[in-house]
Structure formats: C-alpha cells, structure tokens
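Next up: the structures, one after another.
Presented sequentially are two complexes of subunit A, the first with subunit B as partner and the second with subunit C.
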Partner chain A sequence: MTLILVAELEGHKDRVWQLSWHPSGERLASCSGDRTVRIWAPSDPGLLSADSFPEKPAPGAWKALDQIESTHKRTVRSVAYEPTTGKQIATASFDGTTSIWEYDEYQGYECEATLEGHENEVKCVSWSPSGQLLATCGRDKSVWIWEAVGGGDFDCISVLMEHTHDVKFVTWHPTEEILASVSYDNTVRIWKEDDDDWYCTKILEGHTSTVWSADFSPDGSYLVTVSDDLTVKFWKAPSVKTSSEIEFVPDSGSWDLAYTVPAQAHTRPIYSVSWSHHASDSGNHGLVATGGGDNTLRIFKTVLNGGRDKTGFEATLVEELKNAHGQYDINCVKWNPCQKYSCWLATAGDDGVVRIWYYTA
Partner chain B sequence: MSGKINAAPQVYDVQQTVRRESPTDHDDSVHDPIDADEIYELIRNINDPEHPLTLEQLNVTQRAHIHVDDANSTVLVEFTPTIPHCSMATLIGLCIRVRLLRSLPERFKIDIKIAEGTHQSEEEVNKQLNDKERVAAALENIHLIEVVNQCLSTASA
Partner chain C sequence: MSFSGGVRLTDLNDFIAPSQECIKPVEVKKTSATKSTVEIGSDGGYYEVTKEGSATKLEEAQVTLNDCLACSGCVTSAETILIAMQSHEELISVLKANVLAKREQRNSDLRTVVVTISPQTRASIARKYNLTTTKAGMRLAKFLKTAGVDFVFDSAFSRDLSLMASAKEFVDLYRNRQVGSLSEQTFPILSSWCPGWICYAEKTHPEILPYISKVKSPQQIMGVLVKTYLAQSLGCSPDKIYHVSVMPCYDKKLEASRSDFYNDMYRTRDVDCVITTGEIERMIVEAGSSVQDLDEQSFDGQFCGQGDLNLARSAGSSAGGYLEYVMSYAASALFGMTIPADSIANPAGSGLKRTLVRNHPDHQEITLSHPQTGEQLLRFATVYGFRHLQNMVRKLKTGRCSYDYVEVAACPGACGNGGGQLRPPETSPKSLKEWANSVENTYKASEPCQTPEENLALAEVLSNWLPQGIDQPWPKKVLFTSYHAVQQATNGLGVKW
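Moving on to the complex of A and B:
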C-alpha cells in the first residue's frame, strides 16, 4: 500500500486549520490563522482520474484557484462547502461570527450573510447533507442550529447548551438529521430533532480528555472520534440488522463503543479524523485517516466481523507516515467525498501548507 | 490593601548562573542540542504578573523542573505557583509558553504543566495551557497579549 504525495500547496501565511472538499470532489477549500480561505484545484482535472502518479509531487499539478480575503477579524477556524451544489462556503472564526459566501462569476466570493450569536470564538461550522441546516459551535459551550430561509440567509432554530466546556467540532449524520458534537468536556453528544425541538439523545462517555473531531462512516452506521487522550474510538449507531442491510433506527438503543485504537497509536493529541468514501462491502468498512500533534498521518482499515471472535468491529493500522508535514502538527485530514475520487486525501498543518495525497491499497 | 492574590510572597536568592560555554558552541558543524540550561535562561527572568519580581526570584521556575529531549524535539516545563489557589497560574504558564514559542526552533513540541501537587486546579490549568486552539485564540486577544508582553519584557534583559 502506498501513499503518494501529489501536491504541496503553499500560500497561507499562518497555520492551516481546516479543509473542505467541494461536493464534486474537484476543488478544496482551506482556512487559516492568516484569516483567509483559499480554494485549490488540480490544473488538469484529468489528473484526478489518472491511474499513475509520479514518484515526487509534480510541480503545478494543483494550483490556487481563488481566495476569500475574508472580512473575519481573527483566525478562520473552520470552512465548509455547501454539500449539494458547492455554490456556497461557510466560514467560522475566532471573531465570533460565521459567514456564508456565495460565488459569483464576475465578483468572485461575496459575503451573503453573517451569522452572529456566539459570545466568542466559533470553532466549527458544518452543513447538513441536505444543505438546509447549519450547525456551529464554540468556546461559549453552545451548539447552534441554523435553518436556511432562502436568499442565502439563515435563522437560528435552536441553541443547545448542554456541554460543560468549549465545543470543538460538530458534524452531521450522512442520511438522518442527527448531529454529533465533541467537546473539551471529554464527551460526545448526539442531537436529534423532535417536533421542532432539538434534544440530546445520547452522551458518549469514554474519552478521558478533550475530544477534537469526529466523523460518521459513509453509511452512517458508525461514528469515529479522536481525542487528546491519544485514542481513536468507534461507536456503533443504534441499529437492527435485517437480512443484508443495516436499517437505521435512531431510537432503538444506545450508541455503544465498538472499538478503541489504544493510545500507543499516537504520541500527541489527535486533532482530526476522516472516514473514506471507498465502496465498502459487508466486511470491509473503509479507511479512516487520523492526524495530530505527533506529526504523523495514520490510516486504519476498518472491518466488520473482525476481532478474535469474528463478530465485532475492528480497526487495524495499514499506513503510518511520520512527518507528513515535516516537524509540524497535522490539524486536518480529509478524504475526498466522491466515491470515484475516494483515493484522494488532503491534509493541513501548522506549516501553513496543504498537501494532496493519493492512496493505493 | 493591595488586593493581590499573594500579597507577600517569599523571595528566593537568585543564583547568578551563566550557562557554561562549551568548546563546540561556535562550531556550526557540531549539532548544538537545546538543553535545560538554555530553556532556564529563557524563562527565569520572566516577570511575575503581580510583583516586580522574576519567576526565578519567586521560585516559580526551577532548573530541575525543565525536561528537554533534543533528539525528539520535546520540552516539558513544570512550574510551581507561589500559592495553591493562585489565580495567575494560567497567565504565568501562558507567559512561559509564549516565551518558548518565540525563542525555540519550531520543531519543538512544548508542554507546560504545574508541578504536581502545587495547585488546587492543577488538572484544569494544565489542560488549558496545552490546548493549542485555546492558546491560539489567547494569542489573538490584544489585551491578554499586552499583559504577556509586559511580563516578558524583562525576560531577555
């Protein structure tokens, strides 16, 4: 198995915090402490479908396409493409605001709306798969849910105040209107709507320090979380198994811990996790990438019916690349969301660089 | 009354230690590892936020509480607040971190911790001081960074 570095994208003048792929899988947005968002794309779109790659990154393989000289007054901590058309980009900043940007052929990116309400740093923004809901979270311990009301504007429909410390990250379930939030309070919370009321259906406890990030498996049957406690945890969605398909029944039970990658895998806090969109069959459940403060990029293969008794869920390390961003922390890892481009991985680091990788199993 | 958290701290004697020079110090072909002495020199003269005294004079920093692994690029600095309920502990830790961030090569991973058993909110303070996101946000806070800079103004004297 090989991980090939295809491009090194330089331009940000400070650490890069987060990445978001365009839903077409053919563009990538990055946000940084330099208060800007940059958009990157392969110079030749055919590159993405190519099946052979140079040993070394080809100069000019990817290029800077655009830039949002954001009006944010502080670090842009989070960036998210609208997932249905990719026409809009949401940004969340330490300045306490979340902005919605829409691309105009002539004007470039223009700010359509600024969502205010958080008392201080907004740490993450996430778009629901339908593009109709937006979740934000921040230092003020709250999670806000916003609804698109047309014209690029959003109304706040709920403020969830149950975390006891800053909320680091939020992410939506791929098929249900279910939100996961992770926090400095060491917990993961699962939120759901009931008759216009959002409530916490489950608190996932087990991490012993800050939970930094989370990602659902593409079919939504598992959630993976990564933490300052150096572990990677997999949680199984409440489900009943029918013949060959997994039927998702959110209220049928709890989100149980399915597997823990022990602390030895990473030696410093794990900041980011991403579940790949590789086609998965009944056994193979896809790849999970992690990155963090120990400068190391890791890829785990996940399988159902693994483990000693062949009944459980298991994740095994299949790739470990030290110093993926040199001597710098890795802040974000993100698999391409399109199945046809599922071998593409993007990473961002404290070195201010975005790297594009191709992974062949 | 002064309203200070610790109005009358004990002041310790300062050793006029100068880092001993090694014969290879000026030889660029020899890898010159960062050691505890060097780190100590960087932080001993940081000013306490409350008193016109250095962290060394207040025994907040001690050479024995600095652990450096140059080969693995890690630094751990433990510090001892003057009193177990010192509300300045987080600020002092932040000052130490900023001083090291500005002085050490970027390859170093820096951990700042309270010496075990010397503060009642030890775990909380440690968590905050080592959360890179909170530190990044703190460094963008103009008022806070002014206070930090003031504490650091004596450090390189």
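Moving on to the complex of A and C:
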C-alpha cells in the first residue's frame, strides 16, 4: 500500500467543496455547503516530515485551528490562500460574492473586502502567483480579473464574457500572468493581458462535455484538464522560458493536446485534478491526482520522452483507491504545494470530511 | 448580434437552456364562456372548439421584447424577437407598403418615414470608407431618400436638447444640495443615455437608480420631437409616422422598446425601429449599392444643426459630450466662471485638470478648482466600459464615490466603439482597439463644435414647441423618464453546481 490515510478531518456540517493549502504547506483550508471555512493543521508540525505512519489514522494527528464563520448567505464553493504570505484567504460563494479575509491576532479572521459583480453563483476564486491578481468565475458565464489596490481591496480590471455557459473553474499559470478557465461549454480558454486589456488567446477544444477543473504542472509547461466526458487531457503550453517568447496569437499552433487518458479514466464525471510538486527529473514529470463522481481517487504518473505520444508525453495510472470518501463524490483533490511536502495529498468529499493522505511511489 | 457587456451579463442575450423555459405567463383570451376544447387544425394552428362544434382559431401567444425586458427569467432567444421587431427588413417592408399604398391610392395607409442618424454612425462609416463624417452622413441620406424615406435627421440635434436638460437638472440638484433640501442621496449624478448601463442598473443594482439622471437619451428625445412636434406640423397623428433611428449600439433597440416610450392612445412608439450602423451598411449592400458609389444629399433642416453647417457636433468624446457641457454650464451657473465646453476636452489652465485614473483612458477625472483659492469646485469623471463601471458601482455602494457627475458608457471607448458599429477587416484584439481609436478620432475631427445654445434650428423649434422653457412641468414629461427596478426571481431549479 503506497497511499496511506493519515487523518480524517470531521467538522463540516455539509459537503466539502474545495481545499487550499497555505503556501508554507503546513495548513489547509476547506470550504463547505455549511457556509464556513475551516483551517486545519497537524497537531505536531513534525508530522509533515515523517515518512512512516500507523496503519490506521491516529485521532488528533491533525486538528482544527480556526474557523471562518463566513458572512456568505449561501454555500462557499471555493477557497484560496493568498500564495505569497498566506495572510489572506479568498472565498467565493453561491451568493454571488467573493470575500477577502485577513487574520487578526485578536479578532480572528476578518472580512477585508467583498467583491460584488457576478450576477449569480461564483464558482471559483484563484489567486495569481504574485498575489496581485485575483480571478473569479461563475454561472453568469463570465470570468472576472481583479487587481489588489491595497488595504485588502480589489478593483475589477476585466470582465471576460466569451464562454457560452457556466464557467466552473479558473487557475493561474505558476510563473506567468496567464489564466486558464474551464466551462460547461466544453472548452478551456487561455487568457493573457496585453496593453492593459485581457484577451482570450486560445480556446482549447477537445473535451466533449463539461470541463470541471484544471491544473498547471509546477513548471508551467503543461496544463491538465478533467471533464464530464470521463477523460483527463494534457495540453502542451508554449515555451515559457521568457515571457517575450510567448506568442499569444489566437489559433496559433501552441497549446497542442499532448495526451488523453482515455474515457473510463473514471466511470463518472471527474470533478477535480491536481498536479504534484515533486521535483521533476529528466523523465519524471510528477504525479497527477484525480477524483470525481465515481468515488475513486486515482493517481497518474506523468513521463516525458519515453511516452508513445508524438510530444513524448504520457500519463500512466499508478494508484487507484475506490471509495476514498465512502459512497460519496470526491469534490476536490489537492497536492501540497511545497516540494518538501510533496507526498501529501488532501481530498474533500460530499461526506463532509477532509482526508489527508501520504503517498510514496 | 453583440450587446454591451452590461446587457450580456444580465442574461439578456441568453438562449433558453434545455432546463430553462420561459416563465412569462401568457394570457389567452377565451372566445366562449362555455366549456370548449382546443384542437390542432390541419394547418397546424390551434382551434378552440365549442360544444356546438364551431371552431375559432386561437391567437398565437407572443412574447415581446418588452415582456422579456420586464421579466427576470430567461430571455428567450431574444435575437429572433429583435429581428422581428427591430431590423432593417422591417424598415424595408414599411417602405414597400408605402409604395403599394401609393400605387393603389390608399392614402390613408401611407406613413411618413423618418430616419434619425447618430453622429457615431457617420463616424464609423466615414472611417471605413475614408470619407468625412458629413459626406458619410449625406451618402446615407441619399440612400435613404432614394429608398423612399421622407425625412432624414441628425440625432446630434436632439442631443443638444438632452444636453441642455442634463445641465439644468444637474445645476438644480446641486443648488438643492447646497440648501440641504434633497430628500435622498442623489450625488454623483450618473448620466442616463447609455441603454446598456440602464439595463444593467435596473436588473442588478436597483439601489443606485436614484443617482441616475432622469433626462432622456438623444434617441428618445428625437422620438418625442418626431411624434409630437413633427406630427403636428405635418398635421398627422403620431402613428402615421414611422420613425427609425440608426445607432452605434444594439442596446438602443431595447431602449426604444421600453414601455415608457410607448404611446397608448395611438398605439405607437416614439422610435418604432432601431437599426445599427452595421445593419444600414448591409441594407445598402443588399440593395446592390455601396457607400463608395452613393451620391450625396443634405439632411432635412428641421432637426439639424444650423444654416449651411447642417451638421455640427458637441465638444467631447463619442459618448456625446455630456460631461463637457454639464461642467461648462455648471461652472457658469454656479460659480460665474466661463469655461467653454471644448476647453474641457483638452484643458489648459483656468482651474481645470483632467487625469487618467490609473493611466486608463476609459476612466478619467476632470476637476474644476477655484482659480485663486485652489478650492475644488466640481469633480466629474468619465467611466466607460464594464470594468470601470463595475468599480464605480462598488465605490458608490460603499460611499466612496466622491464625484459630482459621471458620464457612464457600457462600452470601452464609449459609443464610437459600440457593438453595432462596423468592424475592421482584421479582428485581432490589437486591431480592434486601433480601429476604435481611429473611429473616435474621426468622430472628433468631424464637424465644427457647437454648443446647444448655438443650435439655431433647435432654438426655433423650442420657441414654438416649448415656449415656456425646458423646466416647466410639461417639458419635464417629454424630456424626462424614469427607471424601474427589475425584481430578481431566484429559481432554485436553475442552479447547476
């Protein structure tokens, strides 16, 4: 057994939607239909550096640190730690708003700003790696980009209305100011700024049903997307050595589809995907975890060069765990973003539980 | 069809998704009081069949654009409704009906056809065909007149009246604020002529409706002029005039369809049909002609600029020059300062300052300070494009919007860049932007600037039409309008995770 369940975090009173690791990798935030955000951490910080664990999860190995009794009027669908310091947390809710929370020693988490604008349910919030930009998306088919203006507040700098349906998820490129959005319209769109305006530079077509989630490889050279069509697709990003090398001409040859884990990668819609932060050597390109409606957690090993695909890219299934959240859907899978903790994986499900896993190859 | 961002975001351009259906209750008038059944006839129509066996064809239920505007449910495939009501085909069919009526000597069926062309439309045509805006307008006039249109007017004419009413409204409110007699928060005053912005505000931010100027847009003021003043001078009833406006914007079709601009007595709208710049170009092409080959003809003088100038423009951007004129008028009326409107576009000295907010041309601040004391007297802003509009609304709601007046447009770059304008051959984001800039420059380089007071034709119309001045109760009714919050119906069934 290479996938070890280390902790089961109970407390949410409704399904858990999404997870976000603190940039230190030593805390985890979860958001839920119960309208709260909970912050979790190992009781003993040394735990994260351990490499052997009891067979059964030890009660109290992880604990609830804090809780944001959010003022959101409906489900908190998405949560994101500010990625440079982790001092702020962004939450996106079905009540149509996005909130920015900052930790105060005496008051706990306080709402610094509420970003209104989406017409209805906000589905996802994502912080750019610099912490300067925030992207949100939702049922109103739009993607909004916000810029930090100090004091915890943000100005809207763009409203992108090119998706033809519900936008499910947004995520930023790890090194460039490039945003990917995925939608119920079956497409993935890549956005970039030029001369103070944001443009769709590429539409990735290939999925035949709703695209639920996406993640960039840690070096930004690939994007992985998962869909209702039961496939996992890998797209080759244009060279990102320097930003001047990226030519974002619409419909240019970049962003080729590199590899598809064929249908039946899962037997039901795949809701979440996460690319691990393992140090990649020449061939090994890290691990990709997926989870979804078939209650199964899967881990794929990605390899370059040796693969059968023309780009040399291949993903092979290395781990499969049925009923990772019992008979419940898996809504989110998230690898720890710190290289030294790259074996840690967190998952969240409709059972209202957050699970912490340790994976060794 | 491309509505502005505000309209698109409020779902107006939405199609019925498989799970959603129109929730608008349709009233069916029963023809018989007794029990009857509904059957489908051999022609596919629905018939109400009474017990006695007599069948009456039932009217087809129709959802109009106006039903959709008043509803917060889906908005059907709004495009098909728009195409039925507001298209150049509609104009062509009216012209054809006139020809037929003339031939058959049915004079009572003849309708006077009036077309009002916006200056932004002329700028777009001029840019594409490398003409001056005046020539572009005169070619459109020639084309329309040849097609059977009776009058061609310039909407810059009615805009002058809209500008005057806006300036007067601002100064009145400002004075009321000074003496503390405003019952509710009304500042900043937000301009009202952009229908995309109005639609967005009504559907999503009803609490900011009190801030919006109540002055009608140039299109709707022209609508009143045509259907009252012109109708009177022609000695006909308003429904005998078919009034079309040519606009840079699809949202203008929604504006014309508002029930506020419908005359119940004569069952007619102030503006019967709105076509966009792109649609009039298509109309020319479909007629087997081209803008290059058209001859030129003057606009009709009743509602156009003055004398030989014929066409004139107001100082300011393609948004229409509201900010400039309101500030110029207010500086004079409130502080006794002479600040010409065209000096506000490019201020040099005299206490005026124009700054780009965070270096963006679509959000500018224009302040007027006392030349001696340096005290800030007026603080105005332009807010173009959904992004800036959005930030303004957020600031307004949290009480951090300290402007006195804001010129609001839903489109980036304002109306020269409206969704109904002609597109450049290249459609990369960069060329679209350059094109929009060059249309704006064409607009600004068009006819000489003129203030509303210098519009002699307008002065003449006003002396006949509104001799008592523009702040009397009756003119308020024709120059002002009101806004209506749209109740949001939350439909739990529509939620998709």
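In the analysis below, the second predicted complex is superposed on the first by the 342 of 361 C-alpha atoms of A that agree within 3 Å, B and C clash if a C-alpha of one lies under 4 Å from a C-alpha of the other, contacts with A are read in each partner's own complex, and residues count from 1 in each chain.
Rule of thumb we're sticking to: contacts are C-beta pairs under 8 Å (C-beta built on N, C-alpha and C of every residue); 3 or more make two chains touch, one makes a residue touch a chain.
Just so you know, these numbers come straight off a predicted model, no measurement behind them.
By the touch criterion defined above, A:Tyr184 reaches both subunit B and subunit C.
When the shared chain is aligned, no partner comes close enough to touch A:Gln107: not subunit B, not subunit C. With both structures placed on the common chain, the touch criterion links A:Gln327 to subunit B but leaves subunit C unconnected.
Once the two complexes are laid over each other on the shared chain, residue contacts for A:Ser209 go to subunit B alone; subunit C is not touched.
Once chain A of one complex is fitted onto chain A of the other, the partner contacts of A:Ile157 are limited to subunit C, with no touch recorded for subunit B. In the superposition on chain A, A:Tyr199 contacts subunit C only, with no contact to subunit B.
When the two structures are aligned on the shared chain, A:Arg268 is found in touch with subunit B, with no touch to subunit C.
Shared-chain residue A:Gly293: touches subunit B; no touch with subunit C. For the contact definition in use here, the residues of subunit A common to its subunit B contact set and its subunit C contact set are 94, 121, 139, 166, 184.
The residues of subunit A lying in touch with subunit C in their complex are 94, 115-117, 119, 121, 139-140, 142, 155-159, 161, 165-166, 184, 194-197, 199, 249-250. Subunit B makes touch with subunit A in their complex at residues 73, 106-107, 109, 127, 131-134, 136-137, 140.
Per the touch definition, subunit C reaches subunit A in the complex via residues 5, 8-11, 17, 204, 358-360, 386-387, 390-391, 394, 397, 412, 428-430, 433, 495-496.
Within the complex formed with subunit B, the residues of subunit A that make contact are 15, 33, 74-75, 77, 94, 120-121, 123, 139, 166, 168, 184, 209-210, 228, 268-269, 293, 327-329.
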